[in-house]
Amino acid sequence: MKKLAVYPGSFDPLTLGHVDVVHRAARLFDHLILAVAVSVRKDTLFSIKERMAMARSLAATMPNVEAVEFNGLLVDYVRQIGARVIIRGLRAFSDFEYEFQMALTNRKMAPNVEVLFMMPRESYSYISSSVVREIASLGGDTSKFVPSFVHAALKRKFAP
Amino acid sequence: MKKLAVYPGSFDPLTLGHVDVVHRAARLFDHLILAVAVSVRKDTLFSIKERMAMARSLAATMPNVEAVEFNGLLVDYVRQIGARVIIRGLRAFSDFEYEFQMALTNRKMAPNVEVLFMMPRESYSYISSSVVREIASLGGDTSKFVPSFVHAALKRKFAP
Amino acid sequence: MKKLAVYPGSFDPLTLGHVDVVHRAARLFDHLILAVAVSVRKDTLFSIKERMAMARSLAATMPNVEAVEFNGLLVDYVRQIGARVIIRGLRAFSDFEYEFQMALTNRKMAPNVEVLFMMPRESYSYISSSVVREIASLGGDTSKFVPSFVHAALKRKFAP
Amino acid sequence: MKKLAVYPGSFDPLTLGHVDVVHRAARLFDHLILAVAVSVRKDTLFSIKERMAMARSLAATMPNVEAVEFNGLLVDYVRQIGARVIIRGLRAFSDFEYEFQMALTNRKMAPNVEVLFMMPRESYSYISSSVVREIASLGGDTSKFVPSFVHAALKRKFAP
Amino acid sequence: MKKLAVYPGSFDPLTLGHVDVVHRAARLFDHLILAVAVSVRKDTLFSIKERMAMARSLAATMPNVEAVEFNGLLVDYVRQIGARVIIRGLRAFSDFEYEFQMALTNRKMAPNVEVLFMMPRESYSYISSSVVREIASLGGDTSKFVPSFVHAALKRKFAP
Amino acid sequence: MKKLAVYPGSFDPLTLGHVDVVHRAARLFDHLILAVAVSVRKDTLFSIKERMAMARSLAATMPNVEAVEFNGLLVDYVRQIGARVIIRGLRAFSDFEYEFQMALTNRKMAPNVEVLFMMPRESYSYISSSVVREIASLGGDTSKFVPSFVHAALKRKFAP
């Protein structure tokens, strides 16, 4: 199997669901790149600098995971670094459709890159970055949904 | 069964689908709180004052329904008033996923609160507040989708 | 709230997902009837006598739960005992559709009976009786998916 | 069969999936109106003038297709021109739900108008205008997803 | 538009949902063939003779609808009679997937035949032949779900 | 990445969708085992001997693919041969749900085995073994859906 895999996302912020996928993928691949998208569809809560800091905090806990930011099209980045595998977590049906649409679109642009879908632990399957942002913005406790360094960042972000 | 149930939403505006769920829930519970969210994800068409007026108009038609506004996290509000049951209407698949995600998230934060899902009448199952807003904004007639006092409010809101 | 609720099913066999729904419903209602269907669409693995024994084993662990078998249409049974609430667990999308179809059909036949949908714990959300039967038939260990008395029954059923 | 059919959309921009549906519908109906919505929910990338130019470029390739802009509610426009059939392409599940909701809402307002759903070719089934806009905005090549005149328009729009 | 359309099915038995689709399609096409499949996947409750009798009872109520039985592949039958349009009712998500799979498969075998999907009335959207058979087999009243001549046939079939 | 992957199924019969997944997986892994299930839920059209012959015909075309039959639980087989990766093709929503249910169940029984989901080419995404069997049984031409050696086997099986 190709040694290098890319796990891309906006990670705004990183959740325990993302962490679980990273752990699973890191066990299967020699080297895993946690690729943080600079340009995303909507405004992000955290800046690319903040999102990279979170990704690096996670990557630092595993020997074969590296946090890298990328700009532009994912498939261009993946080809540029010579990877052939993209990892995506599938949590739910709405994911499924969007992920498939993107994967088929990417395949048209980069036929040699395969997308492999993994399942996070079922107890993390309902956690999404958008719900985490919503809870934090309403003053709720997000400590059960995100790593502690993200929890701290969310508290700072929404401090009164 | 616990006597108190909460039916939360942004109700922007209240539709006949919401009204149907309120009627069904009011028959099952001693006291039903129609909880109108002050803070919602996106901009609302109607202000919290307007949405509360609509909720009160509906509540006034039933002896055991009360309209209350709440701020912050739903689960915090529910615990604060000592309720153990949240009522949600399930209309369609897209609801299903979002509702389940929120319900599982809420359960993590408030394990003693149960979410009970009810089905509105099938002839109301496709009515959503967002479609109602769209129709009204384009000058369409919403009288088959909302109570008469909401229809009047929509006409005032979009009067030329 | 009406005091009496019915949780119907074929329970072939009872899984930990069913047990979780029973626990949740029993906390909300004064009396919960675990209604075991005699006549089901397909052949069952366990006879009605065996399925009732399992249901009684579960009911015996809670003061307000009773296992009862019923024959014929669910709505006829529910009306006959004067209940107004049917409890159903919603695990997944395929459930969702079938459950809604049945609930809307039942409503046409018994407009005063409401179906309330509850969510089992997410770690039980993927367990189905049919998968449990399949695992057991292939000699797999079902002890993580069913109560111990069901596990024992499955082992006896598939003993070489 | 009624001779006149309307295929409405925002076409922001027109994709090869839209083109495929137009070709299929034009083979079945005497006259097909490609109805471009002036007022749409969100900001469009292309102005109504630009979207009409694209629609006209497509219509010019077939003898019985006409591009027309419309304002306000779709059903009002359809009734006004005396059409009884609306054509919609169904690509995926998320479409399905939104399309059904709109179709049922439209039916309530215009009971004599039928919506007929068609399937685009499977190799176009994952193409959406929003993904096309995203790819173009990130500097990607959209030539496999849109007609050449749209590809050119996207390049001009996102020229550095 | 092509004058001839085929509405195929096993109609085991015909439901009010089928009747609604027939009415809608008959208003749009010059001639509609209600094509009853002789060979179906599973055992049918009603024989092909009985299913044809039901289809003829319905066809007799409209001047441009004809009940015909067909054997073998649907696309072969459709081509043989020179039709270019197949009508299918879409009720729900599970339909959607199966229908799309069949439609794409048919298209591969008969590229010139288009499948048009129509929506039955929302109050019929949850009625399926299989649920009707189940209710009837349990002694339930099916009169709200099927035409009166089907209701009578079901009563005879399940008479004690 | 672990060198060994297992692609399990009943392959009754092998379709071009399966072939596509095998090709994709064989490019990513050092060794791929096409694992043909002896014991499956329902009666198969082809015997295990016939299904193994098909799987061997496919495996013979690639240097690193091997066809193997297995009995009993998939996870037991996977652990027994020391594999850590199971490959599954995801075609559609109904797949999605069943596959997730099985994957989560398998994970409970074998936490170290990961399921990786791959997408077949979109033009094969609607092909299923059951539809292929149905078409062949009705005398239809399956040559666009299956490899030529399966097409021949289907013709022999359904020869008059």
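Residue numbering begins at 1 within each chain, and the chains themselves are lettered A, B, C, D, E and F in the order written.
Going forward, contacts are C-beta pairs under 8 Å (C-beta built on N, C-alpha and C of every residue); 3 or more make two chains touch, one makes a residue touch a chain.
Here the structure is a predicted model, which means the values were calculated and not measured.
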### Message
What are the mutual neighbours of chain D and chain E in this structure?
### Response
B, F
### Summary
Most remote chain w.r.t. Chain B, using mean C-alpha positions, is F
### Query
Can we say the copies chain A and chain F touch using the same residue numbers, with more than half in common, or are the two sides different?
same
## Note on the structure
Chain centres computed over CA atoms; the one at greatest distance from chain D is chain C
#### Entry: Rounded Å distance, chain C centre to chain E centre (Cα mean)
33
### Query
Any idea how many Å lie between the Cα centroids of chain B and chain F?
47
### Message
Give me the residue numbers in chain C that touch at least two other chains, ranges are fine.
### Response
93-94, 100, 104, 122, 126
### Message
I'd like to see which chains touch which, written out pair by pair.
### Response
A-B, A-C, A-D, A-F, B-C, B-D, B-E, C-E, C-F, D-E, D-F, E-F
### Query
How about chain D: which of its residues touch chain F in the complex?
93, 122-123, 125-126
### Summary
chain A residues touching chain B in their complex are 92-94, 126-128, 131, 134-135, 138-141, 144-145
### Task
State the interface residues of chain E toward chain F in the complex, per the touch definition above.
39, 41, 72-73, 75-76, 93-94, 97, 100-102, 104-105, 108-109
### Query
Mind pulling up the chain F residues that touch chain A in the complex?
1-3, 5, 24, 27-30, 84-85, 90, 93, 96, 100, 103-104, 107, 114-119, 122
